Amino acid sequence: MALDPSLVDQTSNPIPVPTAPRPDILRCAYMEIVVTDLKKSREFYVDVLGLIVTAEDDETIYLRTFEEFIHHNVVLRQGPVAAAAVFSYRVRTPEDVDKAQAFYEELGCEVRRSKTGFVKGIGDSVRVVDPLGFPVEYFYEVEHVERLTMRYDLFTPGALVKLDHFNQVTPDVPRATRFQESLGFLVTESIQDEKGTIYASWMRRKSTVHDTAMTGGNGPRMHHIAFATHEKHNILAICDNLGARRISDCIERGPGRHGVSNAFYLYLIDPDGHRIEIYTQDYYTGDPDNPEVIWDVHDNQRRDFWGNPVVPSWYTEASLVLDLDGNPQPVVARTEDTELAVTIGADGFSYTRKDDKVEGFKVGTVL
Amino acid sequence: MALDPSLVDQTSNPIPVPTAPRPDILRCAYMEIVVTDLKKSREFYVDVLGLIVTAEDDETIYLRTFEEFIHHNVVLRQGPVAAAAVFSYRVRTPEDVDKAQAFYEELGCEVRRSKTGFVKGIGDSVRVVDPLGFPVEYFYEVEHVERLTMRYDLFTPGALVKLDHFNQVTPDVPRATRFQESLGFLVTESIQDEKGTIYASWMRRKSTVHDTAMTGGNGPRMHHIAFATHEKHNILAICDNLGARRISDCIERGPGRHGVSNAFYLYLIDPDGHRIEIYTQDYYTGDPDNPEVIWDVHDNQRRDFWGNPVVPSWYTEASLVLDLDGNPQPVVARTEDTELAVTIGADGFSYTRKDDKVEGFKVGTVL
Amino acid sequence: MALDPSLVDQTSNPIPVPTAPRPDILRCAYMEIVVTDLKKSREFYVDVLGLIVTAEDDETIYLRTFEEFIHHNVVLRQGPVAAAAVFSYRVRTPEDVDKAQAFYEELGCEVRRSKTGFVKGIGDSVRVVDPLGFPVEYFYEVEHVERLTMRYDLFTPGALVKLDHFNQVTPDVPRATRFQESLGFLVTESIQDEKGTIYASWMRRKSTVHDTAMTGGNGPRMHHIAFATHEKHNILAICDNLGARRISDCIERGPGRHGVSNAFYLYLIDPDGHRIEIYTQDYYTGDPDNPEVIWDVHDNQRRDFWGNPVVPSWYTEASLVLDLDGNPQPVVARTEDTELAVTIGADGFSYTRKDDKVEGFKVGTVL
Amino acid sequence: MALDPSLVDQTSNPIPVPTAPRPDILRCAYMEIVVTDLKKSREFYVDVLGLIVTAEDDETIYLRTFEEFIHHNVVLRQGPVAAAAVFSYRVRTPEDVDKAQAFYEELGCEVRRSKTGFVKGIGDSVRVVDPLGFPVEYFYEVEHVERLTMRYDLFTPGALVKLDHFNQVTPDVPRATRFQESLGFLVTESIQDEKGTIYASWMRRKSTVHDTAMTGGNGPRMHHIAFATHEKHNILAICDNLGARRISDCIERGPGRHGVSNAFYLYLIDPDGHRIEIYTQDYYTGDPDNPEVIWDVHDNQRRDFWGNPVVPSWYTEASLVLDLDGNPQPVVARTEDTELAVTIGADGFSYTRKDDKVEGFKVGTVL
C-alpha cells in the first residue's frame, strides 16, 4: 500500500528502515503457543480439529496440517500463562537468517540466535522482539516430514490442509504496516475511514492475501492463527462436529464470507482463549502490482460480506505475547478510534446490520 | 406426537375432530402472497433468487422451482397490504377436495369452492378459513408445466429446486398441533420445556421433516415459506449474491445448521417484510413410527446447532394472513411464555450464546 | 407407467394379478448379502465405507446408515457362495405382512412366515420367492436403534446416510415391471427404443425415483444396492479414500451424473463382486401424477448425462440370488436385445461417446 | 528436479544455458489461440464456459477469468488453421523483458520486440520461438481491468476464476525440462519409469504445481490450457451444463482426481479441437525445497487417482503451434516410448484399469 503521505505523517514514532538488507521471507510457518492445560489443548487441536501430531512429549506437542512438509505449523507448549510465544517465518536461504539477525540488531532489538533451533524440528534460527513488541522467529533449516496431501484415508470432513496466516493486534496500524513493508511485506487490503484512520491492514509474502495482518487495538497481542481447508463445506463440517460434541460455545464468530480477503471463515476459541480462524478461498496476489483493496470502515460488509454483525469480543479479546524470556509483553492502549467504537451503536451490536446502511459503495473501490 | 394427556388438558378451547373423513393431503404446494410493489418483488424473487416465471400479468406473477412440475409454488399478487393470502396444499385425488370441503363445513368454517380454481393453473379447489384463522386451500387438478430438473444450463449458483414447507405463527401451539393431527399431519419434532409448555412443532405429510410448522406467537400470522436447494454451497452462493448486489440487509438470520430438522438454513426478508427460508438436507420421515425428536427450549443448539444467537425479529416479526375476502385476520396475542422471553437475557441476544449453557443434553433426546 | 398396450402384448407369460389386496409397502429396507470372507467384507463395508455396526457375531454383521433408525440396512452373512439372500421391504402396518403372505400364496409362490423374524432386529416377517425368481421379504416390526443423523462427530467425509434403492436384473423387463405395479410400485423412469423394447425401468414406493429398478439381462440376479450421501463431494471423497488406500480397482464406474434419475453416482465392487452404488440428489416423485421420464436407449446421456461410456461389466455382471433354502436361483437368459448390444459398437465401448451422436433429443421427452 | 545425471546424458542435443541472466518470470498469463470460426468459439468460451469478455472486435476476442486483474487470459483470434499462437508469461519488472530478449538472442532464437505490444491490453513485450519450437511471449506492462472476485451476482455455477497453467507436448521431455529449468522453472512432479525414461514433468514459477508442464509426444504442440474453479462442485456443474445443452461430446476426459498435482480435473475439447482443462485444488509449492513427487508410469493412479482409464486421444491429440509469422511449426516425432504405449494393452484402454495392477506403490514415493 503506497501509504498516503498525510497518513504517514500521522504515524507517531516511525521505525527507521535499517541499511542492512532485509531477509527474504517465504511465508508464515508456525506459531508457538503457550497453553495452561496441555491435555485439554490436545483434545481441542488433535481430537476435535484433527491436526496431525508430528511429535510430542509431556511438555510440548508439534502439530502440522495435511499438506505441510515441514516439521510443524503449531507448537503447543505447557506454561503458566496462556500466550503466543513466537510468530515464526520461514526464509528463502540459510543466509537469510543471518540477514534477519543483522536487520534487527541494527534496529536495536533484542536478538537471540540458536544454531540448533529453539524447538524440535527447526534448525539454525534467530528470535527477536520486534519494534512492535512481537516475538518473531526466522529460520530456513527444517526437518521434512511426510506430506499427507493425498492421504485421504486419514482426512476428516473438516481437514485442515495449510497454515494460512497470523493476525496481530497493535495500537498503531500505519506504523506497524510501514515496519512490515520494510521487511518486504506487501499490503493487499486495508480498512480505513474518510479521515485517513487505518483500522487494519493485510500483508503478504506468499501469493495469498496475507501472511499476517495488523488489527488496530491494545497491543502487542496475538489476534489469531488461521488454518485453511480445501472447500467451504469443510468449514461447515467443523461447525457440525462442534455442535455434535456439544462444544459449540467455542464458535466465536461465523461461519461467513469475509469482505476483506474474500475468504470463507470461522473463528473458534481454544480452551485457553486463543483464537483460531478456519479460512478458505482467498485469491492470488503474486503480481507486484496486485491491486490493493481498501474498505470503508463504515461499510458493514467489510468484515462479513453478508452483513452479519461482528461479536464485540472479536474486536476486544486477544492473546498476550511473550518476550524472549517467556514473560508477557506489556500491552499499550490504542489511542485512535477503534473499529468497534466507530461501527457499533450504543444499543448493542445486534442492530448494527440495520443501522449501518452503506449506499453506493462498490466492492473493492479505492476510498 | 402422542401428546402427553396433561399437555392436552392444558389446551384451551380444543377444536373438535369432524366425523367426516379428512382429505388425503400430499404436500404443501404453493403460497399466494400479497405484495405492495410487484415490480420490486419481481426483482427479488426472479432476478435475485432466480425462481422460474410460469406466467405473469400486471397484477400477478406465478413462480415455480426448478424441479416442480405443477404450475407454481408461489403466486405474487399486487395488493394494498402485504400478507399471506393462502396456504395451499395438494391432495391425492379429486375426491379429496370434496372431503376437504365437508371436513371444514362440519367444523363451521367459512368455505368457498371454485370448480375452475381461484388462481391460474389450478383447477377445482376449496378455500377455507381454518379454526386457527389461517386461509388454506386444497386442490388436486393442476396444470403440468416443464420440469426443469436437468436444465442445468439455466441453473444459477443458488438455484431453488423445491418448495419445502410453510411455517405458521399461532398463540396456542398444542391446540394448533392437535388440529393439524386431525388432518393427518404427523409431528416429527418439537420444542418444549420441563413444565410442558410447547413452543413450536413440526408436522409432515410428505416424507420430510415438515410441510408446515407451528411457531408460538401472536397469530394467526405467516412466519415463512421455505425453498430447498440441492446442497449447502448453493445457500452460501445466495448470500454471496446478495452481498455482491449490496442488499445483504435482506439476510435476517443465518446461514447456519438448524438443530430442529438438521437442515442447513438461511432466512431472508423480501421487500414487503415477508420471510423466506432457504433450506437443505433434512431427513427421511416416511415411516409411521418415525422417531419424534423433542428439543429442550433451553438448549441453545435447538434453533442453531452451532449455538449462534437467533435475532429477536425472527421471533417477533411475521406476516399478516387474509380472510377469504382479502381482509387481514385479527391477531391474537400468545398468553404463554414466548421462546424469546425464556431464552434471551435482558441484556440482548448477543450474549445468549455464552449465558445459555446447556450441560449434558443429548441430541434428539426425549425430554 | 401406463404401458403401451402393444408393449404389454409383447410380454410373454404375464403374471396374474391376485385378487387378494396387496401389502402397503413403505420402502426398501435392507438386503441380506452372502459373502465368502466376512473379515474382508467387514473391512470394506465398515473400515472403508464407514457403515455403522448395529450388531455382529462370527457369522453375521448387521449394518446401518447414519440416518437410519431401524436395526439395519444390510446384513452380511458368511456363506459358501456370494449371493443376495433377500431383498427386504418394510410395510406400513403389521397387517400388511399378512396381506403379503396372502398375495404371494394366491400366486402359488413359495412362502415362509416367521413370527420372530428371520434375522436379528426384525420381527414378524414373510419371505417369498416371487414370480420373477427373487427372494423378497416383508416386515413391519423392527427394533429401533439410535439414529445418528446429527452425530457429526462420527461422520467421515464420505458418510452414507440412507439406503436408497435396490436394482434387479431380469430377462423380461415389461413382465417384471407389470408385476411390481401389481404390488403398488409406480414407474418413474424407463429406457426404451423406437420398437418398444424396454431395457430398464425404475419404480418407487417412497417419494424418490426408486425403491427398486429392473434392468434387462440374464436373471434373476441382483444388480446393486444403493446408499445415499448428503452431497456430491461426499461421493468424491469416497473415491479419494479408495485411491489413498490403493484399492481404486473396486471403482467400477463413475463418478458421474446419471441421466435417468438425475442422481450423482458411483459404482463400487465389493470383495465378492457384489455391486454397490453410492447415490445422491434425485428428485421428489410423491405426487400420483408424477411425470414419467422415458429415455431413448440410443441417447448416450441416459446412463451418464455427461456422455461418459458405461463399462461393459456394468451391463453383464451381477450377483446370484438365493432361494429360501439358500441355493442359488437358476439364471434365465434375456432373449430380447440387450442394452449393451444396441448401444456399443463392435470396436469397443471406448468409442461409444463419439459414435453415439444423438441429435435433437430433449431431456425427459416422451419417446 | 535434480535430474539423475544418467538421464541427463540421455538427453540428445542439450540446449546451452545462456550467460545472459534469465528473466524473472511471475506466472503464465495468457494464451493466444487461433480459431477457425470465431462465432462458434465465442459461444463455447463465453456463452457456455462463462469467461468474461474484456474486449472484442470482428477478428479477436479478449477473455479473462473472474479473479483476474490483467487485461486477458485468452485471446481468441480468427485464422485459417486452428493453433496456439503464443504462450505468454508475465515477468516481474519492465527490465525482465529486456532480459528475456537477451536470453533468447544468445540462444540464437528468432526474437521480436514490440514496445506497444503484439495484442491489445499488453505493452512492451518480446516474442520468441524457443529452442523447443514453441512461440513464447514475455511482458510486464499490461492494462488493469476490473477484478470480479466478489461480483458473485455475475457468477455461474461453473465460474472460472483463474488461469492456472499451460501444458506442452514435446518429443524429449528431459531436454525440454532442462531448458525450462534454465529459465528458472522448478520441477514439482514427474512421471518416470524404472529405466529412467521421463514421460512428463510439471514445472512452476508461481507457488502452485505448475505454470506449464511438458508431456512426451510428437511436438512442439499445445496439449491444453487450464482454468481454475473455486471448488470441485463447480467442475461438476460445468459437466451438468454441457449435458443439459446436449454438447457432452466436448467432454474428453474426467471429471476425476489427478494423481499428479492432486487436483480435481476435467478436460474439454473446444470447437477447433483445442483442449481445455478445468482444474481445482492443487497445493502450495512455494518453498525452494518443495518435495518433488515422482510417479511410476506403471502406476495406474498417476493420471487418475481413482484408476479410471485415460482415453487414448488425450495422449495422441494436441494443437499445432505457430511460428512468429503465423505458420504452423513442423511436428517432430517422439522416439522414446510413449506413455500410451507402455501403459495400454493391445486390446484397448477399456481394460487398463484391471490389467494395470500396481502393488505396494506409495503415494508420492520417490522411484
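Chains: A, B, C and D, in written order; residue numbering restarts at 1 for each.
Definition applied: a contact is a pair of C-beta atoms (placed from the backbone, for glycine too) under 8 Å apart; a residue touches a chain by one contact, two chains touch by 3 or more.
Here the structure is a predicted model, which means the values were calculated and not measured.
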{"item": "Interface residue overlap between copies subunit A and subunit B, same or different (over half shared)", "value": "same"}
{"item": "Farthest chain relative to subunit A (centres taken as mean CA coordinates)", "value": "C"}
{"item": "Chain pair with more C-beta contacts, B-D versus A-D", "value": "A-D"}
{"item": "Distance from subunit D to subunit A - Cα centre to Cα centre, in angstrom", "value": "34"}
{"item": "Whole-Å gap separating subunit A and subunit B, where each centre is the average of the chain's CA atoms", "value": "43"}
{"item": "Intercentroid distance (Cα basis), subunit D paired with subunit B, Å", "value": "51"}
{"item": "Where subunit D touches two or more other chains, by residue", "value": "150-151, 231-233, 240, 243-244, 259, 305, 363"}
{"item": "Complex contacts: residues of subunit D adjacent to subunit B", "value": "150-157, 159, 231, 233, 237, 240-241, 243-245"}
{"item": "Touching residues (chain side subunit C, partner subunit B) in the complex", "value": "26-27, 67, 69-70, 90, 92-93, 144, 147, 149-151, 161-162, 206-207, 230-232, 259, 262, 281, 283-284, 286-291, 305, 363-364"}
{"item": "Partner subunit C, residues of subunit D touching it in the complex", "value": "231-233, 236, 239-240, 242-244, 246, 248-249, 251, 255, 257, 259, 264, 300-301, 305-309, 311-312, 348-350, 353-354, 357-358, 361, 363"}
